[in-house]
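Each chain carries a letter (A, B, C, D and E) given by its place in the written order, and its residues are counted from 1.
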């Protein structure tokens, strides 16, 4: 891990992005084929639908040292599975509000709707999210020291 | 309260005697006035130990999951708040309503022996309830306390005195409902800065010894195997080896019961370290009310929960923190 | 433990230019579980696939990871290759090191490092993959075509000719669609009605085709091979089975002031009407908003005169449920509203018309019986100016960013027809570009410009205004670089087209995705242009993108071919990545069933053995794998984790998370 | 210096043998190629795959084998599944030896010995039997009765056929539950076979196998006149620490890992019925 | 005997902390537990019972044991124990001190638990006599004198002074380090406090508990007693009693995956948990009654039978106070112990 405080090297946040297979993953593909760049520290996990993302996965990511977690899904109403992202929306609204209630910085979590046609949006969202989290700094509040000390 | 207890014993005896029910779930005398324990009574004879007093705070509804599997009908004494949990259990098919006979009983708010002791009274040998006052006898003398000061936390923010399910009731006195807004404490935390909230929960959760009392007492935690006990879940743990695990356990537990938690307050009551766990669940309830319209779990035994339903015009996740100004 | 093979693709230079593929392959060799790691120029090529097959056999691989392009591209390819080598196809994972890596990163070190992480992540997942088997589900041998325009008609006829039942659901009172409104068609100038109406009649007479006109799709459930569709049959107030199409009611109806939609509102029609002479079905319909009887309760004249007693003012909407194996969406288009284009004076001047209105004015069955007259005064226009790209290729936000594709050609057609029929008419065309790709198209346009003397002006029109009944068209001539004003009698706007608005609802019902312009998205822009991403749903005509008649017909036939290919199968392989419950952990709470959009979850009472010879009956979940689409909504709803998703199990996703964070 | 008894040693798998469809025998040595530690017949060791878990297994090889240890492991859970997927060269961690051994140097000496095993139950007995074979002169007659569901489920069949059967004053009786093609030996359940054999009740007996087999075999032996004080068995209970601290294997006033796993039947009688 | 004014106790803590760690009851987020002392911390010696017992000090709830580094197929084992700095455990009540003896017998008995031993060796224990026992206390039943605990140093506290008496070599060493803060005297005050406390102790409601039936020879009879069913009926199967108990010592050994290897740690476990005895092919205790019975049988019968009649309950009463459903060992003793009179 980079030590942010020493400033030896620029802090590069570790971002986990969960993307639904039908819209957002395809949107990310389109960003790729359109050569719309975003930082390499965004790593995408493909899930069938945003509603597959269990809060446990989000917490797991933070535990393992992610600095930001973003979920991307089809726009509400356009879910490939009809209603999946409606549930995602409720679950994540409540979860993220709750995490913030426990003092976890609200900027570390985000949900964005990105359609298969929105390669540009995907790239813009990722750039913005990386920027926000970079400004926020390392995730220290919701992380497992045992994991990091391993290094 | 003695008259209520007397009536309860009479009804229990009658129901057992005429074979309407095979057992009665209630509370049993302990070593003191203030330590009755939940119990199942199967014979009239056993009812000699039956007790109902200000220390019967325990929510009995969860016991029905196990007890109602037995042959025959089960009668249960239920306080207003317990009836919400009961409905939720019926809704989730954990308890067969047909096999339960609900006797709604009066509740004037329950007492907390730890709060009594926190008033400097120790070596308590007896407690007497007299209306608004509580007289505590101890080896070191006698003390009179205001009942309002020594009530269980959950009773101070009582949801109301209406039973949500009943087959009959034993209500002999009026039950005044308290005026507290149960979301005040949550709002107070919300008004803090992120840093303050973090510090608050860090200190509170650091006390957690992972005894699982909150989970095991929770009527909404009725999984056959909890994810935290399941080695293949990826989050199983027996203790909090790192601060993260304190957070993980309580976040996931609160999420899992969100939309299902009736705010019965048992989690906070049983916590040996007095962590205000209800404030976690209550945040979800407050948010659900705020985001999706008021919802009280356990008000009915039917319908979908807020997390298993949706509206097309639901609040966007990005709007959750809008207008917060922090 | 798995014996994993890793295959890193260069994709020519697409990946190799920014990712050090050899280094990735080398680094990955040290990963626990990896027994083989290789890189190759084109993994998806025949040779690349052979390399994978050989490695699977030689090294006894139990799972493979391919670091290549998006799994949306070649996952199926590599799964097939693995299967051919005796491996379960689901023991394949793809690390997307092209779209998600090489194409978006420039720095070689950074991209290489990320590629390694992505491959490791795929390895972490594949370690937990289990061989999956697809189930089977029966196919209902009937197709639904939504939309009865030329696209729908063509698709329905082709499918029906192959021997399958087809229902056409058309929201209007007749099939025929936009093409029925056209006069002539480019580039051959044959009469639209002459080529369309026989097809309409074929539909009506085809024993395999059921036309559900004046109907709309209300609800779609189910999945490929097994759609359950609820259709609203709107009340016509005329018994379809009795009406003979004699039109006496139309003559007798006292309320004749309804705008005639078919003629783009250029003339009126009675409250009870048959849209046009060749309508199919040739059955009247009452407009309840206009009908005096329905509004006031008095009148009833049509009922009196109807010889067969077909009129029924009390008719209600009816709902019918039908099962289909496949669905074709052919909902068509409409010209955009011109509210944002005041500069052309469309709202203020009757003689500023759209091209589709011109079609009706020129049509023999149109409001002016085919005589070209000005809508304002019925006089023959001497100077006609056409304005191209009204609302098309518009980046200002007022119109549509796309090219509507058909305007150049129909304007050339209009100009040519006018010049031919009324040689004394002066015809000007303002254009930005003239786009005529297509067989015989450019020849057609040149004929208009060269042989018919149509005045093509490259330039934009700034303003159309009325001076004493004359339409002043003020524009720029970019060739001569001058501002010009043309005094015209009639101005025709080549209005952009957009998808018929009802497509949004259809898309939602079908869970088919839609792009920012409301065109339905095809599964792949090049390789799967007629399939929607929703299995069993196909797209024909303008609902998918602007196109002309020949293209629409081709696409409709392509759809039909796809549908036929589906319907000839007796059974379909179902999704293998379905929800899978652990009954031992399920407490039967029903939360998961509440979020299942497909009704795939039910509950059963089941007896379980406890220790010591005791048993217990518990309510436990049961998932119908033929119905489950594998979204995973249920898995998160289940607090105990009793519900998991094959292919995307919680353990798999969590180990992906771990691998990603392990940088 | 107190011996570290909770920190394991690294063991290298040098040989994997598939005994039955779900039993494999793993040969393990230290990273230096030598035997990890000394042990006595009946003792156990904790074998672990870091990150997966730790499990107690009886050491199947005889203490007289100075080169390596063997563990016969039946696939029945998370850890065993991973171990089963291991190949030569894979590493595990091993700590031990734990528990009391069979009294081979005390009570067994000079006695006629009867070994009765069912299925994987032969694994712990193999260590004793081979120990006895090694010090053959210290013991009297040896009778082995071994049964399994089918011929394929018999562990160490090769060794039994080629070595044990040829040992002097050493009787081997094999049985399988159901008839099977190519099987010319006895067919039937172990308990009934034991009774059929009419064994000498003065022998010292060692039983190991599934609980149900133990129950009925013991009843059979008692019928034949065996005394519980001369019948031994070995218990398998969930053990964690191996040194009698963690409480997991506590039954009555005994810790199986420390006071067992070898118990005499009369000792077990004193314990509450919870093992 | 030495004494120190109460208001100077902070100096004492500071002095001790100079050279050693100091674990002392400290109030944090409303609850008193043993924590490392530091300037500004709210020490609460008056608290009769900390929520968690002082057993944490040598048998912490979680303890890292070793690390495995894995590279390819190779495993490296790394002992992660650090040198145990000597520390003082301050304010241990008589019952809790007795509990340490109970734990010692388990962990220091051959084969020795080296993790426990390392911590145990590093600790100097300062006990504190009780002056205000409460209704849940019943240490006297186990022959414990709450007014005169042992330990390396024994201390007494009254309104004005803390009194200090070294009992062992370790205790003398500690006294030497801090003696500058002390004045001599206090024997009289201590004596009178002890007498006063003893009269209360004799009056405590549980002072007359009868343990006579809990003997090894009654093992099977007690085990098979039908009363266990009703006794355990309300048990939630949580670990509260176990985790607040000063003598419970069950633990689990678990692995945690870090970035580059596996951390093996041990943590408290509870025989009340349904998965305590779960193994791949079954569970030897499937009902909560069995698990409930195990805990109390172990405390009252099994442990004494292994350890010359020493009970593994010290009457601290924590479980009496903390059981969510008000079940406890006293109810067990009264219900099963009363049987001999029938």
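Operating definition for what follows: contacts are C-beta pairs under 8 Å (C-beta built on N, C-alpha and C of every residue); 3 or more make two chains touch, one makes a residue touch a chain.
Treat the numbers as computed from the prediction; the structure is a model and nothing was measured.
Common neighbours of chain A and chain C under the contact rule above are B, E.
Under the touch definition stated at the top, chain B and chain D share these contacting partners: C, E. Among the remaining chains, the Cα-based centre furthest from that of chain C is the centre of E.
In this structure, the chain pairs B-E and C-E differ in their number of contacting C-beta pairs, and the larger number is found at B-E.
If each chain is reduced to the average of its C-alpha atoms, the one that sits nearest the average of all protein C-alpha atoms is A. Chain D and chain E have Cα centroids separated by 39 Å. If you average the Cα atoms of chain B and of chain C, the two centres end up 53 Å apart.
Chain geometry summary: the mean Cα position of chain C and that of chain D are 69 Å apart.
Averaging Cα coordinates per chain places chain A and chain E 45 Å apart.
Touching two or more other chains at once are residues 227, 232-234, 241, 307-308 of chain B.
Among all residues of chain E, those that touch two or more other chains are 70, 73, 252, 256-257, 259, 261, 269. Across the assembly, chain C contributes residues 595, 637, 650, 654, 658, 662 that each touch 2 or more other chains. Of all residues in chain E, only 70-73, 257, 259, 282-283, 286 touch chain C in the complex they form.
Residues 1 of chain C touch chain D in their complex.
By the touch criterion stated above, chain B contacts chain C in their complex at residues 69, 92-94, 221-227, 230, 232-234, 256-257, 304-305, 307-309.
Those residues of chain D that touch chain E in the complex are listed here as 2-10, 50-54, 76-78, 80, 89-93, 237-238, 240-241, 243-248, 250-253, 258, 270, 272, 274-275.
Across the complex, chain C is touched by residues 82, 85-86 of chain D.
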